[in-house]
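Next come two complexes, and both contain subunit A; in the first it sits with subunit B, in the second with subunit C.
Up next is the complex of A and B:
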């Protein structure tokens, strides 16, 4: 219980730090946010008076700390403020964009796991064999291919040439197949290598020969012992994998014109819509922190020796 | 019945660490495998276990260190059940209690994972696991090196009592001649991966023939040590 409270305390410190850092970055970003907002709002020639009015309205004249408090205070109550472009509350828009992004992320992870786990297990059947080399080659190439290139190739093949799948938008579940595949292949590539090396390392554990001398069948050894030891590095990189995934989601959503968190963020940055940008960054950070919190808790269950000293 | 293994050998990175060795072990006998460090004792022990397993013989093996016997991520309970399943035995609480109280680990928490017990307790747990079934041969690789002298002596006594009325052969790997003389009646002396002498314990102590046996038995004063 003490551990759990400690983890939550750490998480809240991290989140406050992120809120402060994003706010400071945006506050000090070059260019005039008021002008950008005016342009985004009226999309025409704007007068200096109008810009000044917006500056006053958005609280840019108040100074850093009052502005930060005016933004962060309500967030603690769950109020993310209003868009400085269209004046609508940020939270409903954010949630509706997440409702597109979240299933896509889960689908990409599922595709990644479904591909990488069998591939890694197959490749470790005979380390150094042709299957293993092939798997490593595929994984390395997959790792090197950027999502925006792979996404376009998939569009060319499945949407343009074969016309099997839609390329743009998010109207039906089939619209999610190509983006999920684009992300999932990237996830599979990096997970394959990690699971593979996890299994190989777990196989070198010094207690394993004693188990087979004790008469424990090879199947049980793989299932009850090797899998558990191989899971530790996989769990470790899962947090990093999520960062990669969030990054990829932004790109993929723009390529496939999906109205998700990525598109939300890109549009908001373009319009200098500070409340929206900050809300999106904060939400991303929250997801990241929560997942890493769960990973830490999972560690405590899997192997309580891990992290005993640095916690 | 006699257990027999033929032409056991081991090569590691191009070097023979065990030259072809054949052995026969009568059921019910107690044999000591002695030799200096690096003479190939543990390797021969492993080779014997693996060869006999391949012949479908029942063999129990206690490795040198509990780290080589227990998965740090699994509880003692898990290991115990796994060992029982490996021998096709049903869970026998009274047998477990008997072994645990004999080895003085009856109060320890079995839900814990290996590293939360002391190494001596872990080692005694591993020895208890080796005694679950009734093997044809039990190979003990320096079983008492992690134990204090009193517990070590108690453990060996328990082993002796446990095996007394059974047709189980015991192979005790050790460099402690004092321990060997108390518990075995035949000694195999190993030097640089070769069996250089194989005779009765008394014979080797009184009239060692090979240089390796001679250098071991110059520590004859060990015989008089209370152990």
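Up next is the complex of A and C:
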């Protein structure tokens, strides 16, 4: 229980820190934010009075801390404010974007696991064999290929040349196939390496010969001991994998014109829509921190050798 | 270590001398000869403004590889300093620096770089800043970890007793032991920086046209995907080969270090 509270406290400190950092960045960004908002809202007919009015409204005149409090206070109550460009509340748009991003992320993880697990297991049957070398080569290339380029190549092949799949937008479920494949292949590449070395390391553990001499069947050794051991490094790097996935999601959503969280963020930055940027950043941080927290907890369940003192 | 050095020298030569071998001016516009196929007068063809793609790729190495090198070295210097301060500076310094490092790691790095570069406004300066601010934490972690393990070594304790300042102990007694591991981290971060710079370039937040950074070239090429698909292949291939070369060198170095440690 103590660890849970500790982790929770740490997560809230980190989230507040990120909120503060984002706000400081926007506060210090070159150019007058009020002017940017005025331009975005009213195009060419911008007068100095109008800019002043916006500045007053947004609390920009009051100084850094009051402005930060005026923004962050309502967020704690779940109110993310209104878009500074079209005046609509941010939260519904944000949620609708997540409804596109979340399934895509899950699908990418599923594809990644479905490809990497069999490949890694087969490749460790004979380390150094042709299948093993093939797996390593594929994983190395997969790790080095930029996600956005892979996405473009898949569009070129499956949407432009073969015309099998749609590429742009998110109207039907089949629109999700290419983006999920793009991300899934990247996930598979890095997972293959990790699972492979996890299995190889687990096989070298000294208690395995002892188990087999005691008459534990080989099947149970692979299933109950090697697999469990190999899972530990996989769970450990899951946090890194998630960062990779979130980064990939931004690029892939932009390429495939999918209206998810990544597109939401990039468009908001382009339009200098502060409330939207801040909301997207905070939500990304929240997802990231919460998942990492769960990983920490899960890790302790999986490997009892890790005591409370490490928390 | 030698392989990393060879790779770096190759990349530096490519970035410095590559442009000298460019057959054309990378920004010379030639509209009548736009979107030419590869082969013939233009090795890899021409882009939508009739610029020679091969020359643009060679010049682009300066941005894509050169800036990535700068960014990864800034991260190395900053991160190592932070890590050594944490390891040497006592409990309070350790707590402050490591909580800061954790906070910076609590957000996907490339997403943070996109937000920072996007808000500071497009340009090389903000690009370097955005990627450096988000690219020092891994060095700090590694430097601190090794630093703490060195703390109880006899030669470090002796140096302390001899009255050496913390700075010179860090310089002469910690740094040499850190170099191999930090080099491995550096290869990974260099590869990430190349991907980061081209990603930001592709989103339009990075190096701006007419400079021929590889990500920005891809952004241009994307519009003409249907008519000249090959145009899209080259810049991506350049990124892929560079990152692959660095990763493989880094892997080899890590394996040879692991062997040395096992001896």
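Brief remarks on what is shown
Heads up, the rule we're going with is that the second predicted complex is superposed on the first by the 305 of 311 C-alpha atoms of A that agree within 3 Å, B and C clash if a C-alpha of one lies under 4 Å from a C-alpha of the other, contacts with A are read in each partner's own complex, and residues count from 1 in each chain.
Just so it is clear, a contact is a pair of C-beta atoms (placed from the backbone, for glycine too) under 8 Å apart; a residue touches a chain by one contact, two chains touch by 3 or more.
All of these numbers come straight from a predicted model, not from anything done at the bench.
Look at subunit A after the overlay: subunit B and subunit C fit there side by side. Residue contacts after overlaying the shared chain place A:171 against neither subunit B nor subunit C.
Of the two partner chains, subunit C is the only one that A:265 touches; subunit B does not reach it. Looking at the shared chain after the overlay, A:2 reaches neither subunit B nor subunit C. Once the two complexes are laid over each other on the shared chain, residue contacts for A:156 go to subunit C alone; subunit B is not touched. In the superposition on chain A, A:216 makes contact with subunit B only, not with subunit C. Using the contact criterion defined above for the overlaid structures, shared-chain residue A:229 touches subunit B, although it does not reach subunit C.
Look at A:145: by the touch rule set out above, it reaches subunit C but stays clear of subunit B. With chain A used for the fit, subunit A forms the apex of an angle whose arms reach the C-alpha centres of subunit B and subunit C; rounded to a multiple of 10, it measures 90°.
After superposition on the shared chain, subunit A has more residues touched by C, the comparison being subunit B against subunit C.
Of all C-alpha pairs spanning subunit B and subunit C in the superposed arrangement, the closest lie 13 Å apart.
Counting contacts as defined above, no subunit A residue meets subunit B in one complex and subunit C in the other. Of all residues in subunit A, those touching subunit C in their complex are 10, 13-14, 17-18, 22, 25-26, 29-31, 140-141, 143-146, 148-149, 152-153, 155-156, 160-161, 242-244, 246-247, 250-251, 254, 265-266, 269-270, 272, 277, 281, 284-285, 288-289, 292.
Residue ranges of subunit B in contact with subunit A, taken from their complex: 46, 49-50, 53, 59-61, 63, 67-74, 78, 82-83, 85-87, 113, 115, 129. Partner subunit B is touched in their complex by these residues of subunit A: 205-207, 209-211, 213-217, 220, 224-225, 228-229, 302-305.
Residue ranges on subunit C touching subunit A, taken from their complex, read 102-103, 106-111, 114-116, 118-121, 191, 195, 198-199, 202-203, 205, 215, 218, 222, 225-226, 229, 232, 236, 239-240, 243-244, 247-248, 251.
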